[in-house]
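Look at the two complexes coming up: chain A is in both, with chain B in one and chain C in the other.
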Partner chain A sequence: MNMIHLAARNVLRQPKRTVYTTIAIVVAVAAMTFMDAYIRGFIESYFETFIRLDAGHVKLMPSTSVERSRPTPLDQGIQHLNEVVRIAESTEGITDVSPRIRFPVLLEKETGVIPAMGIAFIPSREENLMNLQSFIIEGRMPTDSTDEIMLGNRLAEELGLGVGDELFMLASDSYGGLGPGLYQVVGIVNTGIGMLDRRQFYVPLSAAQFQLAMDDMALEVVCKVASGLNGSFEAKERLRNSLASAGFTNVSAVPWQEQGFVYQSVQPVNFVRGLLMFLLGILAATTVINTILMSVIERTREIGALRAMGFTRGTVIKLILTEAFLIGLVATIIGVVIGMSVALFLAQTGIDYTKMASGMDNFDLPFRLVIYPDPNVMTAVKSAFFGLLIALGAAWYPARVAVRLQPVEALRHN
Partner chain B sequence: MILLHDKQRLKTIIALLLTAVLMLLPSANVYCQTAEEWLERVDENSAFVAARYNCTLLIHLPGGRERSFGLEGHVQGEEYALLEYTHPQRERGIRYLKRDDQLWIYFPRQDRTILVQGHMMREGVQGGDFSYEDMAESNTLRDKYTAEISSETDTSVTLLLIATDLSISYPYREITIDKRTNVAFRMVNSGVGNQPIKVVNVLETRRIGNRIFPVRSEIRSLLVEDKWTQWIVHDIEFFQRPFDDELFNKENLERTGG
Partner chain C sequence: MMVLRLASRNLMRNKKRTILTATALALGISVLIFAMSLLDGMDLQSFENFIAYDMAHVKGLPPGRQDEDFPGLDFRIDNASDFISQIENRPGVLAVAPRLEMNGMLYLRTEETFIRVMGIDPVKDSQVFKTLDAVVDGEPITNGEDAILIGFYLARDLGIEVGDIITVMVRSAPGALNPRQLTVKGIMACGHPDVDQFEAYVPLSVAYQMALLYDSATEIDILLEHESMCEPFRDSLASEFQSIEWHTWRELAADFLSISKAKRVAWLIMISIFAIMAAVGIANTMMMSVHERTREIGTLRAFGFSKSTVRSIFLLEGAILGLLASFAGMIIGSAFTLYLSVEGISLKAYEGMDIGVPLSDALYPALLPNTLLLSLLFGILMAVAASWGSATRASKGEIIKALREGML
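And then the complex of A and B:
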């Protein structure tokens, strides 16, 4: 208790220096807190977009496509689709199931053709999966078993089409022949993801099955898991067992983490996060070392007197570390409060990069351009630990310097 | 006795000579011809004023999948053709119209017509080995190729054809002609660099009037394994006078109600 009292008194004896040290730690901790929440929000948005619009939590695909790591050709889709969907729906922990077909087409416009990607699905099954209805800016979703189409807003602009217009297209059917389709535009969607809004359109599965000669077939069946992101591997096993017991050994269940490179692609982001933390720590630690070292040098005679009065080296080190701890504690609390407050505020409003990206028309980003930081308790705990570590780590060297001098020499110090 | 013996010898010699002459008679028709003359014979055998036919397009795809389509066609010389799918239900009513070297497709379900052009010309009809380009091009060989005899047997002659314009779909062709029927029963179509692309084999012929006509042909792409397409002509009727011009116009292509 005396040690803390003595340390507190020493801290308050040099208020300016204490304030500088505190500010350095506050800035580092606040930045670290916010950055952690921001990167978490970014990664979650990236994953969420990928899962919602493409991967689901688990995707059923033909085994041949999984083994060869290539897109499924139309003629090698999942057959006996209704049965596969029924099995997936009855598997424990699966809340939503939706079969889809992705097919490329060249859409004609007056000045040439536009390569586009059709997504065929059962609209009523997608409410909890793609959830496109919340991104519709005009009209509505196509309805099941109709020849209706919903276009990405920029694709619609490029084609010069609006709600009520008709769109004729020729796709290559599952045999390689021509698959003509005539659709009525009923909706325009703006997902906020350029590559989708510029290239994708959405049609009911039944219409695409007829157009592509894929009766009772789909290229993939997307499944949503009740336990969320982290339940995908367990769900995969259950789906695999259900399908195998029904004889569907040629259909594989693939969790979202194993689809494409999205999950692996965030590893560099984690590395950058670690690097930024390290740099922030170095920056703050330099200031802390500097101010505490100055304080120690100025107090050389005082430290010599303390040693002469019987303070051991260990006690002096403990005193200086306690001073640093007190400063670090206060600074960490302030830093965490500031960082969390900013993160919580922006978690509500989002950070909108839409305007910034508007000039990059040809640069497609596979996630939404509004990032919502995602602060949580762990963010605060990590930041607090980080702040105290900086304070104590940075004080260690000045403390060692302080006890290096003999008491007699220290007392002679001018 | 001697006279009798000589008479018999003479008879034998005459018989042998007659046999030899008789044997040589058909050969007089097939031997001693130039490559150009053979090409002209092939073209003449396949030329007609107008014809109406119905046929089956059978497509075998890798993996054992097969598709069969029924078609009814009207053809007039090299310039005009109108084909319509009669089955299956999904394709029923789709029509192709060829006018000179242009090809239109009408889709009745969507009531839309497209002009086949650009990259689509190289696509296979219904995913088969017979391309829209093959469909649109003229069948007359002597207008497009120079020919030389590359090999010859008693019954067949093989010609190497080199296009006068090397930008056409098959700048090089090797055709083997049956000397008795003038049918090119095997054709190897090659691209730039004389790289073989497709092989057409006539599997069955039928005498129609005074000519032998191929009624079952198989087209194999050499670029994809286990894939072939057959044209099987069930009925064909030749006409000496052209059809009405209206048959081959776009209005007729887009007519509704079959």
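And then the complex of A and C:
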């Protein structure tokens, strides 16, 4: 208590200098807090979008497709689909299972062709997966076992089609022939992701199976796991075991992290985050070292006196570290509060890049253009730890300087 | 001169502190240099790729074509060779080439995928674009043959090899789907992801047969002697050939350029956080320095130094500190940047993903003289601005009081 009292008095003796030190730490901690929340928010929405619209937590696919980067050819799909779906559904921890077919097709419009991608699924199974019903801007979802179709809003615009219109298409079927399909437009969807809204349409699985000659087949079966993002590896093992014991050795279960480039592509972001943290830390630390060093040198005599009165070197070091700790604590609290408030505020309103990106239609980024920072308790804890570490780490050198001189020399010091 | 000597001596008096303060600023400067160079490199490489594989210097398009997401052959320039022969002999023009672009499907066994089929005149096209130089396997196509060139990623993903016979289906100008078998003659890897992933090139004669057209083009591409001639040239073409929309590559890359600007702003915000931190450090040091030397300042004033001279001593101290730090930062930042501009930053992790830059292999930062100059100025201004408060303080106050009580 006595030590803290002494340290607090020393800190308050030089209010201006203390304010400078505080500002340096506050800026670093606030920046760090906000950055962490922002990056978390971005990465989370990026992953969530990918899992929801494409990967699921775990995807079952033909083993031959695992290494492919393009859609599976229709003749190499998963056979005995109903059986596979039943096995997946009865696997422990799996909450939703939905088979899908993705097929490329040239859609004709008045002045040319549009390379479009058809997504065939069982609409009633997608409520908790693709969740497209929340993004419909006109009409409704197609219903199971009908010839209904839902179009991305930009695609509908391009085709000049609206709810109630008919759409005819020719797609290559699983034998390599051309399969005709005639669909009734019942809905228009706007997912907010340009490349999907420009190119994708959605039809019931049964209609696509008929059109593409894929009876009881699909290209992929998407599974959702009760335990969320990180439960995918465990679920993959269980799915693999139950598929293998039923004799489906040519169907592989792939967790979302191993599908495509999405998971890997954020690794550089983590590296940049680390680098920025390091630089912020160093910058703040130099200021802190500087101020505390000054204050120590100015108090050389005083420290000599303390030593002469029986303070050990350790006690003096402890005193200076306590001073730094006090400043660091206050600064960290202010920094965390500022950073968290900004992040929490923006988590409500979102940071909207849509305006900045307007007129940049040709850049099809695979995520939504509104970023919601996602601050959590760990964000605050990490930043607080970071702030205190800067303060204490930076005070170490000045503390050593303070006890370098013998008490007598220190007392004589001018 | 006297002021300069005083200022530099003062900095030398407390070397450790000077170094510490300078370190903070130097770090900030080196990050600034690296970030700017990264963006400049990204821009330069992107511009090169745009011009070399996609846009040339000036491009003529049929009216309305640019507004369509997937334009068909209704948007076309007929009698393209008339226009080309009228343009190619003008002063300043290096080469002119027609291209006929069609969206279609590519089939090989049971594999299928979308492609953009580009009909080109191999001789003229290779004078405007570098696409044909980028063939890494097999041979470039020549006029009149039944052959196709496809992008590297497209070939790899579909398992297509030189010599394979593939089927390409496009919609012809009258509106019917028109399939055509072609031999893969070469595979190209030019480092522009759009080209390497989605494009295929056929001789113009084959494209005409697929499109059921003759002497039509969906674009006329012009390469000039110098990039700076783009705008006046575009203007003269626009007034002369009004049936065609003429664009410079900069107009065509407007989307990219506005993103690039937005990126710069985002980086500058981040860098300004570092700048604030560095400024706090400098302000702090200068404050200490004034505080310590109160008596000394009083003495200087008593000797007849004017207020403004005292002030300039401290401002100059800040400036010298900024200069030193900027130099150090320039050395660190340039070394790091130059190393990476030779090694390159691999973009392989982003393969297949649209990252908003037309680059696929590696990114090379470009260290421009402007960046160095800018960061030097920035460093010095930053340091002087941060010393302003302390310098002003030092120049105020009563001489007697400063001498007697050490207080300003």
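Methods note: the second predicted complex is superposed on the first by the 387 of 414 C-alpha atoms of A that agree within 3 Å, B and C clash if a C-alpha of one lies under 4 Å from a C-alpha of the other, contacts with A are read in each partner's own complex, and residues count from 1 in each chain.
In this section, contacts are C-beta pairs under 8 Å (C-beta built on N, C-alpha and C of every residue); 3 or more make two chains touch, one makes a residue touch a chain.
As the structure is a prediction and not an experimental result, all values here were calculated from the model.
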Larger contact residue set on chain A - chain B or chain C: C
Touched partner set for A:Phe168, first chain B, second chain C, both or neither: first
Partner chain in contact with A:Ala213 - chain B first, chain C second, else both or neither: first
Which superposed partner A:Ile114 touches (first chain B, second chain C, both, neither): second
Partner chain in contact with A:Lys16 - chain B first, chain C second, else both or neither: second
Chain B versus chain C as contact partner of A:Leu293, first or second or both or neither: second
Which superposed partner A:Gly176 touches (first chain B, second chain C, both, neither): both
Which of chain B and chain C A:Glu48 touches, first, second, both or neither: neither
Intersection of chain A interface sets (partners chain B, chain C): 75, 170, 172, 176
Of all residues in chain C, those that touch chain A in their complex: 16-17, 20-21, 23-24, 27-28, 31, 68-75, 103-105, 107, 109-114, 157-158, 169-171, 177, 254-255, 258-259, 262, 270, 273-274, 276-278, 280-281, 283-285, 287-288, 292, 349-354, 356
Touching residues (chain side chain B, partner chain A) in the complex: 59, 61, 63, 65, 67, 90, 105, 107, 109-112, 114, 123-128
Contact set on chain A toward chain C in their complex: 16-17, 20-21, 23-24, 27-28, 31, 68-70, 73-76, 104, 106, 108-115, 154, 158, 170, 172, 174, 176, 195, 198, 260-261, 264-265, 267-268, 276, 279-280, 282-284, 286-287, 289-291, 293-294, 298, 356-357, 359-366
Chain B contact footprint on chain A (complex, rising order): 75, 168, 170, 172-173, 175-178, 180-182, 210, 213
